[in-house]
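Two complexes, one shared chain (chain A), two partners (chain B, chain C).
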Partner chain A sequence: MFSAYTATRACGVKVIMVELKLKMKGQSVAPIEGEMLTPDNLAKKSFNEILNLETWRGNRLVKLSEVFTVEGESTSNPSDLHLIIEGDLRKVRHIGAHMSAGKITINGPVGTFVGFEMSGGTIVVNGDADAFLGMGMSGGMIEVNGNAGDAVGSGYWGTRCGMRGGLIVIKGNAGAELGCWMKDGTIKVGGNADVFAGVRMQGGTIFVAGNVGAKLGAAMTNGKIVVLGNVPSILPSFNIDEIRANTKVDGEKVQGPFYVFYGDITEGGNGKLFISVPKNAHLKYREAYLL
Partner chain B sequence: MEYLLKNGYVVDPANKIDCERKDIAVKDGKIVESVDESKAKVIDVKDMLVMPGGVDLHSHIAGSKVNIGRLFRPEDHYKDYEVKKGVRRSGVGHSVPSIFTTGYRYATLGYTTVFEPATPPLKTVHTHDELNDIPILDKACFPLFGNNWFVMEYIRDGKLEECAAYIAWLMRSVKGYAIKVVDPGGVEAWKWGGTVQDFDQEVPRFGITPREIVRGLVKVNKMLGLPHPIHVHANQLGVPGNYKTTLRTLDAVKDLAAGDRPIIHLTHVQFNAYGGVDYLSLSSGADAVADYVNKNPHVTIDIGQVIFGDTTTMTADGPFEYKLFTLLRGKWANADVEVETGAGVVPITYSRSNYVHAVMWAIGLELALLIEDPWRVFITTDHPNGGPFTEYPRVFSWLMSKEARAKVLKKLPRLARARTNLKDIDREYTFYDLAISTRAATAKILGLSNKGHLGVGADADIAVYNINPKEVNPSKDYKTVRQAFAKAYLTMKDGEIVAKEGEIVSAPVGRTYWVNTKAPQDIEDAVIPEVKRLFEDYYTIRYENYYIPESYLACSAPIQPLEPAG
Partner chain C sequence: MKVINAVLCPGCGSLCDDNEVYVEDNKIVKVRTDCAISTSKFLNFNKDRNTTPLIRVDGELKPTTLEAAIERVARILVEAEYPLIYGWSLTSCEAQKKGVELAEEVGGVIDNTTTVCHGPSILGVQDFGEPTCSLGEVRARADLIIYWGCNPSSAHTRHMKRYSSLSKGRFRLPEQRKVVVVDVRKTPTARNANLFIQVKPNQDYELMAALKMMLQNEEIEEQEVAGVPVEQIEELAELMRSCEFGVLFFGLGLTMSEGKERNIDGAITLVRELNRWTKFAIMPMRGHYNVTGANKVFTWQTGYPYAVDFSRGYPRYEPGDTTAVDVLSRGYNDATLVVASDPVANLPKDAVKHLCSKPLAVIDPHISLTAFMADVVIPCAFVGIEEGGTAYRMDGVGMILKKVVEPPEGILPDTQILDLILKRVRELKGGR
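Showing the complex of A and B:
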């Protein structure tokens, strides 16, 4: 049952990660709480203890073994634990919530709140992730090899602070309100982003390689949004600042040229929008306002 | 069902019992002299503290503004939730918990009677909807009158009897309990873009001053014989230097007092006892207020203690909430209740490192400690304005232990320590003082003769705490005190065990008190047609739809006024 593979940590030391495999049994109609599925929580627990963990499916308390088949073993150190979760996880939410170390690989579509308020470790989603990915996260990394839903890297509804650190990489498209209330950290989207990307943003960086929807950066007060694709329109509360040849995202150079806008003026903000010049010919009229 | 609570240490100030080993017998929801031990269920509460069930006279637990707080603060819910367990229903919310959770949490603390202190008469249907659903607790609500057009016009024209008749009709119609006054005249002025910054400043369009409103309502209160004195939230709340306004409010009605019976209850005085001229020079005005209260028996107050942490402020004082919003720049909700009042809701996080918040924290405790008579100062947090009621045990431990206070004081900004007097106060509450301030005195001022004591004939509302008052030294073991009060060993409501060691055992429906007020028939007959006519002019609803029938209340408990009207 034991399987291990070597992973290279940032310092270059080779460590052996212990794998624990959970396979979802069939499909669920009712939502399932996956809050306990973190290396922090499962480490130090014996195999039997893990099987007997309780969770909510709909309004019923069920054992983890009723929802998942579990293979592999656990370890005492959360950083050495690699959790592999497979199956149709669209109804499972809060996977990796509050995690601080270790690694989770999710093979398949996954539900909402993945990496909720996580502070460290890595989550890789090989499939689509639903809304609220990385909500309120303060550290660590989430990688999605698929699309993500709405409000990636936002704060819990009602709070005035979104993602505070860490990195989210989405290979596909992201939904609406990407990085809502975001304060720090980086979000990279390989595809397109929907409307209201960077709404109420207060810091950090959003990079979108594709197109974005309308109302980009509405009410943002600080931070940086870089868009390589098309932007339908720029809000009138953003002023053009300059045209830049290139910029940096997370220390890496991104080739422009870019229109640089600042705003949102209605909030007295100083956020920056970097919008690709060649893909946005319709913004040429703004050049007249360059000082 | 009969119960016998054996071997507990009973603290029952209304009957002058201070930590005496005594058995309490309960039969049919009442406390009785004795029960047949072979038939009764005997509960051994050896060496535990037995008190009457807590009575809270100022806690915003129901009504439209509480619901606004719930609706616009999802972030208040997700960190504090409770899962269904036995009879206990699930619920969410920290500072504004959901309706059922409110009842359960109060019962867990050993409280059995809680009054909602501000309900706009027009929206009292909503308040009763929520009160009906709050399990376990006995409750009531105080309709707002301080900015009511009818009241202000009657008082201006000197028609006190007509005013009394109008209030009697309204109190009866909406099933209210006492007259609540919030920022008299100020809310109405602000609705038209003006302000009332002084106790003697005229309210625009009405030609009446806050002084006249308060005096008029004290007289009306007496005429109607309401069991509770007028419940006043004074002008200038939250403004530095407002302790002078507070003193003038109290002094304005001094000559109307007769005997030792208090005629004015000033609520959450912490927010109204600020010295200084602006927020930078904010200091404590608690000593001046406490000094006045000590000398004048016509006043009772509750403190409105601030607890550090996240909470939601909500008050009918719309202008104050707007001011707070301009300071905090967060969320703000405002409501205008036609000709009656207004309201506002703003979330706030009180932080230790904030100078203003630190001073506020100290002022609340100073008031409770400097006012010598615990029968006239009550412990509240003005839930949820100062902090959620679940933090009461913390307040108790601060009042009972200088060491506990010093521990918090040490972490406050140095300037805040210098500009308040808390560090020099040595007084510590005893269990007896605490029982007065949270039970006996509040029940007395509310006019509830069956509550707040454990004498024969009283309602069997009992709280048992797992702490030995003879052995524990609260000034040293304040942590034990806090833990004991946070989770009552046993809470009994109307002779039924409702909570045991933090678990809800049963959740009966609590009563809703209201006062069946009556003014002389001839005056009422003259006033009602006029009110009907003005309803057509002013209100969005019909006079006929305003009345809340008694059948609307889940468990109606009408109370007769103290003395004949007139």
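Showing the complex of A and C:
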């Protein structure tokens, strides 16, 4: 039953993390609310209390034990709790919402709103994550060892404020509107990103190792987007600034050379696009505007 | 023969209210209007009409009684863990209000057809507001009309004559107005425009960005944007800047092409920029005659214009997750009630596949494609012709629909059918 492993906290102190394992029972048609699945919520609760916790499956309140089999034990300190959730979680939404400490590992594909407005801790997804990953997050880290859906690191509709801090790492591809309204923090994508990456971005950094779709950085007012792959076109509201040999993402050097564009001028923006020179020969005509 | 004048046409979002309908023996024999859609609607609304409640038995739709059909619908909704209640754009605000009540009672998701037409417009407006006006103001004052990604000549046939380019307004005559059409192809509307700009598909945002750059006197590092030469964009920017009252009408060419709500963001900020120079307004060209009403009723009742999730007992709004297409394509719902809409004919394939695989109930005057796939079909009166009510025009002006003929015997309006379902649902839930 009991299992634990050693983790190192940022301050270098070694702590033993207590594991609590939840395995999805069968498959549900109606969506399941997973917002109570956070170390903050499950810590300080006895095993029985956890089994009897209530959550929403569609419009029915069900016990956690009806949806998941639970193994392991809890601990009094949320920072020491490692939640492992397994199964086909595509219909479980809001996992890790408002979490502030500890760790969640999700083994399998997961639904929408993972890490919604989280402020600390770590979420690792070993599978694909659906849309709105890390919406409104202000701290902590999300790592996806698969693809992510649309609007990663965006904000709740109408708030005009996306991700405010923290780190999102996606090993695969990301959907459209990556980092929409993003204010601070870092998003790193190992694969490609779809259209409108960094739209309305107000700060922070987006790094894409692969290709991006059109309208990169549309209406951005601040922040930095680095693209190592192909960019189909640059919006007319961005002008070329210079060609740089290399740049930095989160203190790490990234080898260029890069075309540097600034904009979005129509929004009085001061955002910067770093676009790989060798992968974007079709942008060479813009060099004529460098004096 | 009875002549009824000032009849509202339940055809499109323009909601023209000057139609004359001639009725003889409870039958419409003639309509005086200059719109083909309206004439066809009034004269042919009885085509493919269904007048008996149907219920699926052994894979076949068989006639049944109204009570049995209502019982089945109520049971489907009460037993479901996540029912979807969808449609609402072709009925009155009174029915929409009942729909919201039903959704709250059964703890389901309620969505209207906005989700597949101007949903992105709403998301754009929620971010930036909507500098808009009424169609009356357009008629009286506008001297520059821009149709972007829409084709009123075919879809809103009287829009130009009644409200915009060809209308004789108080301060403007048709010859004093200029018309610009921005579209991916030369539509019938574009053929009669003063300026037609052919934009490459999915590049409207680029064109709007270029226009904003010119309005801000910034230099563009391009010879051509979205397939349009810079000189032509300059001409359009000058036209926009120098008009006295401009209005930008946009359609699904903007909302459903690449970028969706971001295109509307682009359009609204363009209009915002133009208001530094002159008076400019923006307005979506709503399609279904009361889709604006659906947004108004939903907002007034729940606080959100569409995609409202009542599963937890209170309204929640997460477009992209609680919108009908997303609910269906993610396979969230386990039952569906469709009112005054035909999703099987319109939604994406995956969504339709899921829709048909779960219990499906339909309230519709006609045997639509969705009704063919349904488990229960309840016929209702045709709102706007056989039943009165309230509807909202595309500019948000509330108007009264008239009843011009009686519905077939035994056919109730959808408000009454929804009332009966609600009553039965409450009875069934009372037992829990």
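In this text, the second predicted complex is superposed on the first by the 291 of 291 C-alpha atoms of A that agree within 3 Å, B and C clash if a C-alpha of one lies under 4 Å from a C-alpha of the other, contacts with A are read in each partner's own complex, and residues count from 1 in each chain.
The rule is simple: a contact is a pair of C-beta atoms (placed from the backbone, for glycine too) under 8 Å apart; a residue touches a chain by one contact, two chains touch by 3 or more.
The structure presented is a predicted model; accordingly, all values stated were derived computationally and were not measured.
After superposition onto chain A, the partners chain B and chain C occupy overlapping space and clash.
Between chain B and chain C, C touches the greater number of residues of chain A. When the two complexes are overlaid on their common chain A, residue A:29 makes contact with chain C while staying clear of chain B. Applying the stated contact rule after C-alpha superposition, one finds that A:157 touches each of chain B and chain C. Legend: residue contacts after superposition of the two complexes on their common chain; A:251 is shown touching neither chain B nor chain C. Touch criterion not met for A:278: it reaches neither chain B nor chain C. When the shared chain is aligned, chain C comes close enough to touch A:219, but chain B does not.
Residues 59, 157-158, 160 of chain A lie at the contact with chain B in one complex and at the contact with chain C in the other.
Interface residues of chain C, counted against chain A in their complex, comprise 80-82, 106-108, 123, 126-127, 202-203, 205-206, 209-210, 212-213, 216, 218-222, 225, 258-259, 262, 265-266, 269, 273, 310-313, 317-321, 330-334, 358.
The touching residues of chain B, when paired with chain A in their complex, are 72-76, 78, 84, 330-331.
Partner chain C is touched in their complex by these residues of chain A: 29-31, 33, 56-60, 90-91, 93, 111-113, 130-132, 150-151, 157-158, 160, 177, 195-196, 199-200, 214-215, 218-219, 233, 235-237, 239-240, 264-267, 286, 289.
Note for the complex: chain A touches chain B at residues 59, 155-160.
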